[in-house]
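Common to both upcoming complexes is chain A, partnered first by chain B, then by chain C.
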Partner chain A sequence: MTGEGIIELVDVRKTFRDFWLRPTVNAVDGLSLSVRRGEVFGLLGPNGSGKSTTIKMILGLLEPSAGKVELFGLSPRSVEARRRLGYLPELSYLHPFLTAKETLGYYAGLCGIPRAESRDRTRQLLDMVGLADVSSRPVGGFSKGMARRVALAASLVGRPELLVLDEPTSGLDPISTKEVKTLVKALAKGGMTILTTSHLLADAEDICDRVMILNHGKSVAEGKVGELGTSLEEFFLAKVGDADSFKLAPFLSQSEATTTRSENEEAARDNRD
Partner chain B sequence: MRSVVSVVKATALEVLSEPLTLLVQLAALTMAVLAPAFHYHQFGEATRMARDAGFSALFTCGSIMAVFGTIRAFRREIESGTLQMALSHPVSRGGFFVAKTLGAAVAYLVFAATVLATSLTIIEGARVGGAYAERTGDIARLSGPFLAAGVAVMLLPLVIGAALNRFARFRFVPTAIATALMLALLAGGASSVLDPALLPRHLPVAALLLCPALVLLAASAAFAVRFKANAAAAAVGIVAALCIPAAGNYYMADALSKGGVVPWSYVAIAAIAALPAAVAFLVLGIRFIGGRDVS
Partner chain C sequence: MRKLLEITGIELKALVRSHTVAMLVFASVAWMVVFPHIAKGDGTAEGVRELAIHYSLGGVFALLVISLLASATGSIAKERTARRLQLTMVRPVRYFVIALGKMAAHVVVGAVVLALSCAVLAFRAELGRPCNHVLKPVMPSPQEEAKTMYAAYMADTNTPVAVRHARKSVVLRLLANRAVDRYETIPPGTVTTWTFRGDEEGALEGMSGLAVRMRFTNQFEMRQDVRGVFSFGSLGASVSNITQAVLTMPLRPVEKGDGGAAAAERGAGELSFANHGKTALMLRPRRDIELLLPADAFWCNLLRAYAEMVSVLALVIAFGVVLSAGLGRPVALFVAFVALTVGEMSPSVIEQYPDELETKLVDRVGLAITRFAADVTSPVSSLSPLERLAKDECVEPHETVRLAVSNLVVLPALLSLLAAFVLPRKQDEGQ
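Then we have the complex of A and B:
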């Protein structure tokens, strides 16, 4: 780890607006973070905490409403910055009419990789994700797990320096999940910088060097996994658990009252009979 | 350059593998071969009627093809999320938009080339047939070959579609629907050709022949209405950019039918008509996609 900042966010805000430009939601609110070369950084948080919005601003897909986002010291919109990154979105967005081989060829083309090299790399990656046998089948007919593997291979086709993974194990079975974690660890060992989000805290604990916990678009904690003093899950629940816990009591008391009422009605019917 | 080629290829493949593309193609060829020819012309003016039929089909169905093919290609890219994947790669937004448009244009060119080739074949056939009829005075014997040629031309995309359906990975319109459509068109065409005396009673048949085109037109309007204002503006741009060149094609094909020579003035007219619309469309589109959040 050299300490060089690959991703820099300074006081970043993102407000989504409706058609009439009225603000609808503050998805990210004054977020600052720095991801250094060679580390595996985890962005954790409950649903709607702003993880995906943050990632999309880092990728240049969303324009921040305020603040500064830099990728390799450049604007995320610059082609040069994106030449050095790979992205696996939360859902595997693939063209259903292309085969697995063509899909990787398409993304290799977008990276500007020459045709011959693209063919070799496609073969290697399909072999790596265990889809070499079905490489000529359209991805539209793939299972969710297979599509996930293709998307993962597509994110690696440009041999990126930075890999951004949004819920990488989403839709994968336990065996595939373990394989992805092994792959992420291997890539990190090889010097790749990885930014990942996950709902599975045990997974994040396994692969991340450092994590940031988001809630309502703000950072509520940041630190090295080994220095949290407790398990990541306990730490996470302590930070955001109360704020997002289910309000079960009214619902449970309501259903209890309903049950009691129907029991009383049943008893009254029995008495009448 | 390699990234542009990748996007153009994928987009052309996407548009051409749409079931609607086959339907529009079928409607265009039907219109070119049968629709106006046997209802509004005499055999003495065979080349003119074939030319009119072909080029009106090219213009009408070309509009639909341009609207559907291009809008669906962009819309699917945005809605399915593949745009996110593409724009996270080292490709500029403007470059991606231009490449996507080029891909849709390639698909449109395949369509236009098919209809144009069919029309020119019919024009040549009509010229030869007309000369034969004039020499022998036997017009009735020409109905059969005309009909057979028309049906063969119409069946061609269906056969190609069925073959691709069977042997390639494309999934076109269900063969049963296409066959039913073909039979209805065949019945209408056959009755019109074989019994010109009944033509006034067969106006509903003519309407039926135009139905696929009208349905597609209505559906495209419905799609346009569902879009937000800026997307609707882009749709108008797409129509302008891709249909006005089609009007240019009309002039060029008209010249071809008159003796095989395209005067430079026609080329200039087509270019003058097409370029400003295409440039305006691309500038609007690049501005639209360039400033937009992709989520």
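Then we have the complex of A and C:
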């Protein structure tokens, strides 16, 4: 880890507006963060906390309403910054009519990789994600897990310096999840900077060096995973709380009452008989 | 370039694998083959040509304009809806390349389908049939003529007050429209002259195979006998007992005794008509008189018409892709077809309702909007390569080159820059 800032966010805000430009949601509110070269940084938070919005601003897909976002010291929308970037979205979003090989070849072409090198790289990556045997099948017929693996390979095809993973283990079975985590660790060991989001705190605990917890678009905690002094899950619950979680109590009590009533009615029927 | 080819390639694969191309090829070729057999012409050779060219190839062209415009309006919008666009946008590729790639793929499909249709037409057409350049008489422009007429109106004390108080630009536009359709009368026993100028000064009279085409009428707008003599340098043609609405007369060398002296009196490029009939004849010099110069063969003309049609398709597709970059698919589709309809209809609306001295505000606003739409869409709507092909009129090479440069290169490039400007903003809004 050299300490050089790869991602810099300074007091970033994002407000979504409706057709009449009236503000509807403050998705990110005064967020500042810095991700250094070679670290695996986890962006955690409950649903609607602003993780995906933050990632999209880092990728240049969204323009911040205020504040500064820099990638490699450049604007995220600059071609130079995008040349050094790999992205795995939350869902795979592949072209269904392309084969796995064509998909990787297409993204390699967009990254400007020469054809011969692109062929080798495609073969190597498909082998790595275990899809070499089905490389000529259209990805539209793939299972969710297989499509996820193609998307992961596609994110790596341009040999990125920064890999942004949005829920990388979503849709994967336990074995594939373990393999992805092993891969992320290996990539980080090789010097790649990784920014990831995850709902699965155990996964984040396994792979992240440092995490930031977001709630309502604001950073509520940030720190190294090894220095939390408790498990990530306990730390997370302590910071976020359950204010926005399901309101189960009334439902459960109603359900309990219904069950008790039917049990009583059944017992009464038995007594009559 | 590699990135452009990648995006073009993937869009082409999408069009091929979704069977869009197969459907277009099948529909177009079937239309080209079947339509001339099931449609009834007027029995003349011209009618058959009109059916084969204007309606068959024109039908395919209309099909391509509609289907490729519809497809282009979805090209970026559907990618955005399926969230695939963001995967392309995070790659090191400039946004205008994304738009250009989508345009290029659709243009390739259009060009291929149109080429197949032209091949079907060429298979049954007379490929060596000659076509003609069409020259119009040299006259002041309608706008210049309008200015002269306006000055005369203002000097005339009988001019109505309403016209005097009307806006000058409005009156000038009305007068310019009138100048285009202004009739000229040729009384019996008189000679009227028009001047023609070719590419090279004075070279017209020396050419062989010249012909003159005229459309005469009289004050009752009825067909009647036309009698007279056309003279053009040492060439001439006699007309008698002709009742066709349109006369096409080949000009042939005349004996010196017949018109040599008169020819010497005429200036270079002057065509005269001596009315030997009993009644006055009328024609609109800007519309009804043309000199036909021999050009090349039908197949050359077909190639140029093909190039013009592809260039029009390219512009329509580029427009569709820009809409797709900035709007959702249903809205883009709606806007595209409204624009297409308005663009197609506005010239005839303006022709039928030319009077800008309407007193109602709503009528004036309506006409202003229609005129604006006609001006904006004129690069597409004013073209008539198939009409010229059917009439054996040369699709002029310089015009084809100009259209190819503007519609295939310059305008799509500008529109792709516009799409690149809009694309990230729409992406931002669409989250």
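As a working rule, the second predicted complex is superposed on the first by the 251 of 273 C-alpha atoms of A that agree within 3 Å, B and C clash if a C-alpha of one lies under 4 Å from a C-alpha of the other, contacts with A are read in each partner's own complex, and residues count from 1 in each chain.
In this section, a residue touches a chain if its C-beta (ideal position, glycine included) is under 8 Å from a C-beta of that chain, and two chains touch if they have at least 3 such contacts.
On a predicted model such as this, the values are computed, not experimentally measured, just so you know.
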| item | value |
| --- | --- |
| Three-chain arrangement built on chain A, chain B and chain C clash or fit | clash |
| Partner chain in contact with A:60 - chain B first, chain C second, else both or neither | both |
| Which of chain B and chain C A:99 touches, first, second, both or neither | first |
| Which of chain B and chain C A:79 touches, first, second, both or neither | both |
| Comparing the two partners chain B and chain C, which touches a greater set of residues in chain A | B |
| Identified clashing stretch of chain C versus chain B [2-10, 146-154, 236-244 or 254-262] | 2-10 |
| Chain A positions touched by chain B in one structure and by chain C in the second | 53, 56, 59-63, 77, 79-80, 82-83, 85, 87, 89, 91, 93-95, 97-98, 102, 106-107, 109-112, 154, 158 |
| Residue numbers on chain B that touch chain A, as the complex places them | 2-3, 5-7, 10, 13-14, 17, 80-82, 84-93, 169-170, 228, 291, 293-295 |
| Residue numbers on chain C that touch chain A, as the complex places them | 2-3, 5-7, 9-10, 13-14, 17-18, 82-84, 86-94, 424-425, 427-428, 431 |
| Chain A residues within the chain B interface of the complex | 19, 53, 56, 59-63, 77, 79-80, 82-83, 85-87, 89, 91, 93-95, 97-99, 102, 105-115, 138, 151, 154, 158, 164 |
| List of chain A residues in touch with chain C within their complex | 16, 53, 56, 59-63, 77, 79-80, 82-83, 85, 87, 89, 91, 93-95, 97-98, 102, 106-107, 109-112, 154, 158 |
